[in-house]
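Can you read through this structure? Questions will come right after.
In order of appearance the chains are A, B, C, D and E, and numbering begins at 1 in each one.
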Amino acid sequence: MNDRIREILSWYASENPGIRTNLARMLNHGRLGGTGKMVILPVDQGFEHGPARSLGFLEAGVSDYCGEIPLILKCNNHDLLNDERDPISAVTSGVSDALRLGCVAVGFTIYPGSAERTEMYQQLRELASEAKAAGLAVVVWSYPRGSSISKEGETAVDVVTYAAQIAAQLGADIIKVKLPSQKVELAEAQKVYQKYEIPVSTLADRVRNVIQSAFDGRRIVIFSGGAAAADEKFFEEVRAIRDGGGFGSIIGRNSFQRKKPEALKFLDTVIGIYEGSIQ
Amino acid sequence: MNDRIREILSWYASENPGIRTNLARMLNHGRLGGTGKMVILPVDQGFEHGPARSLGFLEAGVSDYCGEIPLILKCNNHDLLNDERDPISAVTSGVSDALRLGCVAVGFTIYPGSAERTEMYQQLRELASEAKAAGLAVVVWSYPRGSSISKEGETAVDVVTYAAQIAAQLGADIIKVKLPSQKVELAEAQKVYQKYEIPVSTLADRVRNVIQSAFDGRRIVIFSGGAAAADEKFFEEVRAIRDGGGFGSIIGRNSFQRKKPEALKFLDTVIGIYEGSIQ
Amino acid sequence: MNDRIREILSWYASENPGIRTNLARMLNHGRLGGTGKMVILPVDQGFEHGPARSLGFLEAGVSDYCGEIPLILKCNNHDLLNDERDPISAVTSGVSDALRLGCVAVGFTIYPGSAERTEMYQQLRELASEAKAAGLAVVVWSYPRGSSISKEGETAVDVVTYAAQIAAQLGADIIKVKLPSQKVELAEAQKVYQKYEIPVSTLADRVRNVIQSAFDGRRIVIFSGGAAAADEKFFEEVRAIRDGGGFGSIIGRNSFQRKKPEALKFLDTVIGIYEGSIQ
Amino acid sequence: MNDRIREILSWYASENPGIRTNLARMLNHGRLGGTGKMVILPVDQGFEHGPARSLGFLEAGVSDYCGEIPLILKCNNHDLLNDERDPISAVTSGVSDALRLGCVAVGFTIYPGSAERTEMYQQLRELASEAKAAGLAVVVWSYPRGSSISKEGETAVDVVTYAAQIAAQLGADIIKVKLPSQKVELAEAQKVYQKYEIPVSTLADRVRNVIQSAFDGRRIVIFSGGAAAADEKFFEEVRAIRDGGGFGSIIGRNSFQRKKPEALKFLDTVIGIYEGSIQ
Amino acid sequence: MNDRIREILSWYASENPGIRTNLARMLNHGRLGGTGKMVILPVDQGFEHGPARSLGFLEAGVSDYCGEIPLILKCNNHDLLNDERDPISAVTSGVSDALRLGCVAVGFTIYPGSAERTEMYQQLRELASEAKAAGLAVVVWSYPRGSSISKEGETAVDVVTYAAQIAAQLGADIIKVKLPSQKVELAEAQKVYQKYEIPVSTLADRVRNVIQSAFDGRRIVIFSGGAAAADEKFFEEVRAIRDGGGFGSIIGRNSFQRKKPEALKFLDTVIGIYEGSIQ
């Protein structure tokens, strides 16, 4: 275990060794192993996006890759057939499933801003409590959404940082948020951004602001690459995540909605940026 | 056990041997035993359709056929006395009943698209978890329905594939959906169907699309024959299910709303098509 | 243990020695140790106020200060992304977390006046019951709020005293309320204030009224300093709390939204007022 | 995952993917990773052999090696201060500890032949059931011992094979036995060995006999190297384990009761024999 | 927290912050606070030694010293009315009592060597598991005793080190043993002491040997001062504990079977030796 990984694990000193073991399994895996960066591939998005827009399935494929890939079991899911203003995901699996499948972590989505958030926070608390006792890490997707937030507000920098902080305080070991825009949504927040002159003009600045919001940089925060965009624009975002101190990306449709050789080439560039071999 | 059955069971490697035993009992039963196809007879439809339009009852008849027919206990039921826009079925039995009656599987209906879907998904998760621990297979009826879906949308090919995938990801070992129409409901899905030129013009194409959506062909998916129609039209549909790689049919009213000799002749043709003795 | 601390602890004779031990740990800690006064620093306000307006985090920092600072784990939290009229906080942690982290107390917010208050009171009752059996003290933030109270009514003196009394009767060992205004909200209360000529004209009078409302002065009641204001105005309030028999302050943003030397100077004055070295 | 590891994992098809993941973590670890062989280092023998004759400790060291070494938590322990004829170990930890510490397996000793064996078998059954549900592999030390077995009988080839089989049938995923001698203890067994002319004259023959006794070669069986002996004699035994199809060794005192460079040289030879680079 | 205390707490990184908080409360208390040494006063020995030979009682006195003295609740007790050869203590209290009384730790005695040891080890395991989840430290008195050990063997250096190691491996955070004699009891141990020339001729040597046996010096081990002896002889032993790296003493009858001023003078010397102000 190199010094960077040891440093990251030191932030989790109040967690038990099982959780730190599973974090280490993620942080030491694959080509980015040891860099403190990670790229997560969400194979099981069928529930969230529908079959024509997703890749694979964990339950059926897990036996082929036993112990070779650190797996995260997403324990709640939301489908697109309803378009309610205040969403809540269905809890569809739990800690016993994650253990049975040999996973290193459980995942859970919360929608801060939804009228249903209290229910979700409490579901997460129970899941996290049980998962941590079993040595599993907890990954939280924190997506502000709901009737009290404007569409643009969902990615406003103050709202995204707030979402990251809520996830951290609810017990997330790893936090996943969307890349923030330059917009500041809440009036109270605006005052503080101005008073302290917090820089948010570049994407790297905003990533830095998000990282700082999650226990002052002591939680792993990763970002979603969003829907398929021009490759170069995507790589620009990855550079901003790297330069702002972000820990990596979740890349789903942008990789597996390509032919395999193209997808591998695409991921090769992303990983190259994170490991520093590509500027 | 022949190679085809062995192949099908290999898709369930992450399930315990009890579940695979019960799947094998279904797959090796009767005239279609060993073909990988199955025809399920829903005897107990009184709750769903009313007494004048149903056949039998499991609890009272099971003793006469102990061990002779693989039984599935449907654990939730919906009646027709209410015509709510966002339906949810009542949970009316459970794993202990299925075990007591010697069943090989439990059945459960979900209505993706209903405002009540989160509750149903969580009920299914609990039932499936308990059933699987007891070695019972899980059969899921996945019928899109609810205030956010148009009547035609319920059988749109993208919606039916989505419904199949949701069922698979919620833990269904066997999935039952309706035959899909050529319609594509969701705009996001439409883009993908066009971009990748996914063929949906024939019924066999669409069956193939559904099969592929359930863990890439690694879950047993069967189709309902719908309401009684002209026999030849029905047989055409069975041929499309077969040619598209479907695993079989559930045939209720179309068989038992006939006189017994006619019903047997009707089923003889269906089974002949599935086993390949009839083209 | 000096006589004042012994006197305060005597009010808690019906609590078990574990609770009194933890109260003593708070009352004997730091520069105000032994005075019967306390200043609580809410480090973990990110959930309540957002990252740009908060300080720290308990879970990640606790290992660095094991046993050096008496910790209170706030067990429910409310965020600002929704602005509902009848708020309820999400229960986000519990007694097992507080014990695992080595805390001396659990904290909980109630909103008397909210339509959701019954649910909150029952959550508090369960938490307090479990916490007290484990020897943990119970700190209750009692903030009148909801559709049936006017904005001004939230800090009306009769409403604040009522809130303090409700907290005491729900089992709070330490009660936190806002500083009350001169307004009397409820007509019934107005009659009593007039009949008995209860003095409420000065802030110290009103503090005295609040203290008296919590088991006749036999519960520790502390006050929040509110949002950042002119320093001298703030110190005036602290003097009023002291002179009215209040037990101290919770000071969050007013200290940590300053540079560290200024914050320490600010707190030095506050503590000086409480210990009597500053008039 | 190479073909050999895939083959070994196929023997565990009735176990859940979590168990297979943890077996794979062991089989793919370190220099013997991928060979199907393993050498286990029992660091925590102080309880069994006393402090002057043991190496380390798991609880205190685990944080330094998070995720780097697959750990087995031995859940029962026996000390040497009593010399009873019918031993039973004390259950000193369990599944929740193994999960908390990030282990891949639990370990348990049984003493077939002890008057207390029934109690031990039942303890093992409970532990194994709980461990497997949590995805942990089960390692069983099976040491015949007790008032009904002679000292020489403890390592008689028929007794050791019997012990391996009992362990397999009690749910062991990995079995640890002592190297068997040429002696056949039981009269009934003697008849069979003679009738079927089972070869037991060389140590490799006897290892082969043990391997065959554990589900016909479909369970991982490893052997203890015994107390420190002349190195060349020890290496001879390792060759016999390899040639007889054994899966590896547990080497405790023979490695760590040396100076570190000597111990590493010693282990280098052992591993060389197993991987085939040394004949 | 000074560096020495921080160093000691680092040995407990696999324990939760609550346990480390309570260890810190002990290590930072009183005149020896911050030195890494401690002197424990066993007030509640009436059960063990009878009323004429003991001091006080925890349950009745605790209210007078709330939060001023870190308390350990001894959870099993043995009386002198039976003089069985294989002793076992009665479990007389538990974690809920310790929490209710505001204790920092639970205590438990084991008698390695007793035929009843398995039962005691399992009782300790359950108590320790529950205590640690509640953030309480675990103190184990490990006294070899029983029909298979000679009277002299009870304090033989190899037996005492073995007893310390067993306690550490059963989860003790703090271990209490008797001062060891020069005798080596077990033949197996004798070989090792000779082969590695482990020094045991002075008491400081033997203390060092005991400390090393408990996770290589990474557990707090304290020693009992034995029955009242000549003061100077007692102080000599304290010096040996200090010089051998021991962490302190438990002193019961030797202090409270004196008049108060004499007892305070006696303890003053002991503490002076530990803090280094007296040579």
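Keep this in mind: contacts are C-beta pairs under 8 Å (C-beta built on N, C-alpha and C of every residue); 3 or more make two chains touch, one makes a residue touch a chain.
All of these numbers come straight from a predicted model, not from anything done at the bench.
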item: Mutual neighbours - chains that touch subunit C and subunit E alike; value: A
item: Identity of the chain that, by mean CA position, is farthest from subunit A; value: E
item: Angle, in degrees to the nearest 5, of the Cα rotation that carries subunit D onto subunit E; value: 70
item: Label of the chain whose CA centroid is most distant from the centroid of subunit B; value: E
item: Separation of mean Cα positions, subunit E and subunit B [Å, integer]; value: 67
item: Between subunit D and subunit A, distance of the C-alpha-averaged centres to the nearest whole Å; value: 41
item: Centre-of-Cα separation between subunit C and subunit A, whole angstrom; value: 35
item: Where subunit C and subunit D are represented by their mean Cα positions, the distance between them in whole Å; value: 59
item: Per-residue overlap in subunit E, given as positions that touch at least 2 other chains; value: 13-14, 16-17
item: Pairwise touch network: line, ring, star, complete, or other; value: other
item: Touching pairs among all chains present in the structure; value: A-B, A-C, A-D, A-E, B-D, C-E, D-E
item: Contact footprint of subunit A on subunit C as seen in their complex; value: 44, 46-47, 49-54, 56-57, 59-60, 62-63, 77, 79-84, 88-94, 96-97, 101, 257
item: Interface residues, subunit A side, partner subunit E - complex; value: 13-14, 16-17
item: Subunit E-touching residues of subunit C, taken from the complex the two chains share; value: 1, 9, 16-25, 28, 62-63, 65-68, 96, 99-103, 133-135
item: Subunit C contact footprint on subunit A (complex, rising order); value: 11, 13-14, 112-115, 117-118, 121-122, 125, 129, 144, 146, 148-149, 158-159, 161-162, 164-166, 168-171, 186, 188-189, 192-193, 196, 198, 212-213, 215-216, 218-219
